[in-house]
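Take a look at the structures listed below.
Each of the next two complexes has chain A plus one more chain, namely chain B in the first and chain C in the second.
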Partner chain A sequence: MNSKKQNRKEKLSKEIIGEVIRASSTEFETQCYDLYGFPPLGSLVLSDDENPIFGIVSHSVTESLDPSRTPRPRGPGLADVKSIYQESPQLKNLLNSRFTSITVGYIQSQTVVRKLSPVPPKILSITRISTESELIEFSSNFDFVARLLNSSFASSDDVLASFLSIAARLRPEPDQYLIDTGKEIASLLPGQMRRVNLILRNASI
Partner chain B sequence: MNSDEKFEQLKQNVNAEDGWSGVIVGGSLSDGLEVRLSSESSIEGVKVGRLVTIEGKTHRFFGQVSDVILESSDRNLSIYSEEISEGIMAKVATGTAAYGKIKVQPKLSIKTSDTSSSPQSAKTVPPHFSKVAVSAHSDIELIFGKEAPGKFWIGSPLDMESKLCLDINEFTKRSNGVFGKSGTGKTFLTRLLLAGILQSGKAVNLVFDMHSEYGWQGYSETENHQVKGLKQLFPSKVAIFSLDEEHSKRRGLTPDYVVRIGYKEIEPEDVEILRESLSLSPQAADAAHSLYRHYGKNWLLEFLNTSGTESFNSLASQINVNQGALSTLHRRLSGFSRYEFMDTTSVHDSVNQILRYLDRGINVVLEFGKYGRDTDAYILVANLLTRRIYERYAEHKERALSGIGDEPTPLVITIEEAHKYLTPELANQTIFGTIAREMRKYNVTILIVDQRPSQIDEEVMSQLGTKLVCLLDNNKDVDSVLSGVSGQRKLRSVLSSLDSRQQALVFGHALPMPVEIRVRDYGTPESYKSLGFTDPTNKKDLSQINQDKSDLFG
Partner chain C sequence: MSLDLTNTLQQVSDMAQSISARENERLKRIETAIIASKKFDLRSYESVRGHLAELGQSTTVINDPPTKSFITPNIPENLMVAAVDGSHIDVNRHLAAECFLINIGTCLIKYGDDSYAELQSIPTLYASDENMTIRGADNRFQRIQGSVLGIKRHIEELKSLSNLIKKLPKDIPCSLFLDGTLFPIGISIFPQFVRDQFFDEINEIMNLLFQESSRRKMSVSAYISYPGHNDIVQALRLLICDEISGSGICKGCIEGVKDRDLFYELLEPGQRSPIFVKNTTPGHTNISSDIAFFYLYAGNEIVRIEMPYWSVEHNDIIDLAHGSSFDQSIRGPGYPTVLIEAHEQAIVTAVDRESFIELVELALNSNGITTPTSQKNISKRIRNI
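The block that comes next holds the complex of A and B.
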């Protein structure tokens, strides 16, 4: 397959899910176009500007658009959540879903750089889920592991495990991928083999 | 080739099942360097004693693995070892949190920019993170030299196929020793050394062959078959002398000369060195000197012919010796009469015969036949002949020093069971003690083959240039062999881990560093061929000879 055709096909499959609404050097927050439209924890996303920046989804939240009007329970007796949304279509406009991604790299002259971006993404840049090939290329080098482990997120180990689980599944030998990454994690966390074990256990489920 | 490429070449066998490599992470020159093995290395592939090459910044170092250690970066690893010992976690932990470390003792170094010179002993250590790998064949050649005239292939470093060579020139400059328990391959090793000396032409051998195993037809205990002796391999360069003609003939050998010793040739010193084995008191041994003064050269025969109490009494009073001591001496010395090689009539020519052969560069093996079982006979003959040969060599050498004639060809005298006559009490009196101490002053050195080095005089042991040690497990013997050697503690562990066959630890002047070797094969047709022997009965060789004949003469 020639590369132009492949590029077109990949572009079509690029799934735009929202726009950046808050950005810093180490993380950026995206508001989803659709309620509950956020990608799974640990997914690799890109704020696809002229300088695309890679992030790993580390925290997602859905809440009222107006902080002063918080949702109230409708129950008891209403077990079917789906019917509530059908009966009250306005909910989609009153609530919103957002997710935060830890910045783990960027693309410069078509090369993946696994470092913090020199500048954060611009507000209202679109955010999309990475393609499989982007994910495979990005995860083929383990420099991102240190970024994740050093982030200020309390649950960064779980985020890392989720990311590894997604990345490993795309490979012909998932276990080998986990072993190779595991060695990198073990060397970054000397004397903490139990923690390393937990990450890998979560990643291999 | 730059050093990185060189190192890549070195690491070629890391991919093999038992391959390994590592980097220096600490250590010292005195205690050895600590090397962390790379995660893909197999710790079971590392063996103590293995030769390794360390690529420093400006120098390449050569050393030996002295210890293998299992390390862990996590102090609590043992607590949750069960949790992580299975599945992918075990693979993750291996080489990261749980890793192999080895200790390497640096021995030699050479400038990377000048590998044409020979390596010097290491006076410093390579820096952190220098790469370490098993020495390549080219390194072994760089350290020990290539097989060439004067460089004799003695064996291979353990677990390697490279040929490890001994510098025969250096070897023959000093007295040397081959030690090991009985049945560990001393004789095979000695046979090889003799062949090496013989091939090099740097020296001639005189072998006092106690058990008739060097000259003609030896016996391999492991393979249960006959092995060729030196005379069979190098017929034109070896002469066999025999003390027991019948024994030699029974083995299908006609000796070149049958040695006879005249009573007149025995001197009081020869009795002195037998003092212990004949259980003579110092007074009785001294009496021999008095008898010599009294009777002159023919003292022994005259003395042995004395009989009757009266004659004894008068002799005792004449030479002023205690009569009891004199009769003890008489009783013990009369044992000599059962030696068939002793001759009452005249002074024999054995010494001159041996010297004539040696002068022509022909090696002499003296077979003792049945007298090999009699230590007294062995000591008496070996000491007597050696003393005279040594005197002649000393004269020869002194003449050469004053400008008359050439220097004598260096002579290596091989002796066995040395612990019986090189004891601290006797070493000063035997000629062997003198030779060992005076080294090559007169171009004569000894090669001691023995199983109890601890019984040999310390001074003699300390003068040995090169020692080849097969398995020894008596602590005293190990101490005595290793005394005065640097890194004794580590060599001790190497020595005790030797196999009981065909393995030896070699150290001293003829080698730049101590090394554990698998001794070269001896006894197979291939081994004879590699020593330069062509079998005249071999049809292939015969047809080659015929072909050559017709090519030459038509």
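The block that comes next holds the complex of A and C.
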């Protein structure tokens, strides 16, 4: 293996954050290896190394691994949350962080397809954060926007805004990117200018 | 029909009234026990102990008056705390396969710099004739099930505790915890060859713990919540009860009082009692059955901490057991965090038990073995009207 390939492999393995624990045609849920190790809302992630599927992080949760054991307050008296975890290290073993990603595309024959994948990711597939080049490539076409706008997720507009904000930052002219995306959103939401404006306002850097 | 609660309620109510009527008497006995403990004379007690030892009777060694108390010592900032707990699925004669399962839960917590925790659950299935039976030299044998399995599990917990030590760094003090008594209760009712087998195993583990304790700063504490023991009350009775001293009949004195009732009045939160020692054989020490113990006001209740007898010679080990037991009970809160987590790893729920049975039946079926079960078992699964 040449060193360039080796470096890329090492970089990708650093971005692996968890494994899929629930998957359907429209979304997949990842359990993080590290407590609070989920990516920010709107991040682009990939799952399944055999059949890579793109997802946009739409919902994150941290809770007890055992539903019958709920966390209890440790205070008053402790200075900050860091000292609570320092004093009760077992919390890291008893809590878990998970996030759900809306499926927005997949890779077929090294080409990005911005449609639902024919099959969902396999359970226990690894999930990793996309690289910058993958994110730029994926967000260069707006076919995915309709998937997010029509998602059954309650806050899908906010998820879209977060994604656009992340994607815009990677471009030399972020405002132009948001204007172009705004045109696509407006065409998909005729007569809903207030909603379009709200999405763009939340996406603006 | 399930339990008739209306009918039960009346009986429960009668019981509560009866207990309430006896409560004043109980409080008087506790008061008498407190007075007796304040007047406790070590020399007189030693004299009585000596007489009883000549008769082969074992009594609790008391070197400090029971009223003496010790404040909570500081514990090291960097400390390893570890605990083991177990549960089991007993042999089920309605199952096609004769087997039992012991599940050992362990918890290890490092406090201080770079704190971390490790939780583990280790199930072991016992299904062969060899590991389901204890055999004596004269072809006698004892199947391991019921109360024998309870003791087997206790010994497996002790083994896991001694194995857990290997994971602990030698340069950091460690405090090990067990749930309940240090030595299993009820061994004496079994035949000699069963007792010998159990004692041999315990002896081996305790020797390992003893050797390890010479290499590192380490305490072993068996934590008994809401203890029902009366060793100290019995010791007090030796000095105040006419019947026990042989000069008359017992007029009630302090019979029925528990040690926890006494120390609840004598100790403040965080304080411990003196160390007491229980020898199984008068005048001899036995590594596999002798214990040192103290009572601790753990904040919400009096608990009994049992330690291997050699701990009594090391004040730093006693302090470690005292300080870490109190600290853990505060963290719990109420009961040691490390034991709670070990228990959570060990627990076998009703759903787990059902899944285990299904797993056994599936495995047998896939190996071409039919799984007949009793009609009683079938009737429990299919609850027709």
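The criterion applied here is as follows: the second predicted complex is superposed on the first by the 189 of 205 C-alpha atoms of A that agree within 3 Å, B and C clash if a C-alpha of one lies under 4 Å from a C-alpha of the other, contacts with A are read in each partner's own complex, and residues count from 1 in each chain.
The criterion applied here is as follows: a residue touches a chain if its C-beta (ideal position, glycine included) is under 8 Å from a C-beta of that chain, and two chains touch if they have at least 3 such contacts.
Just so it is clear, the structure is predicted and the values come from calculations on it, not from any experiment.
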item: Chain B versus chain C as contact partner of A:K183, first or second or both or neither; value: first
item: Contacts of A:S204 with chain B and chain C, given as first, second, both or neither; value: first
item: First (chain B), second (chain C), both or neither touched by A:D175; value: first
item: Per-residue touch tally on chain A - higher for chain B or for chain C; value: B
item: Touched partner set for A:L160, first chain B, second chain C, both or neither; value: neither
item: First, second, both or neither for A:V196, with chain B first and chain C second; value: first
item: Partner chain in contact with A:P89 - chain B first, chain C second, else both or neither; value: second
item: Touching residues on chain B, where the partner in the complex is chain A; value: 39, 73-77, 80, 83-84, 88-89, 91-93, 95-97
item: Partner chain A, residues of chain C touching it in the complex; value: 107, 109-111, 115-119, 331, 337, 341, 344
item: Touching residues on chain A, where the partner in the complex is chain C; value: 66, 69, 86-90, 92-94
item: Contacting residues of chain A [partner chain B, same complex]; value: 175, 178-179, 182-183, 185-187, 190-194, 196-197, 200-201, 204
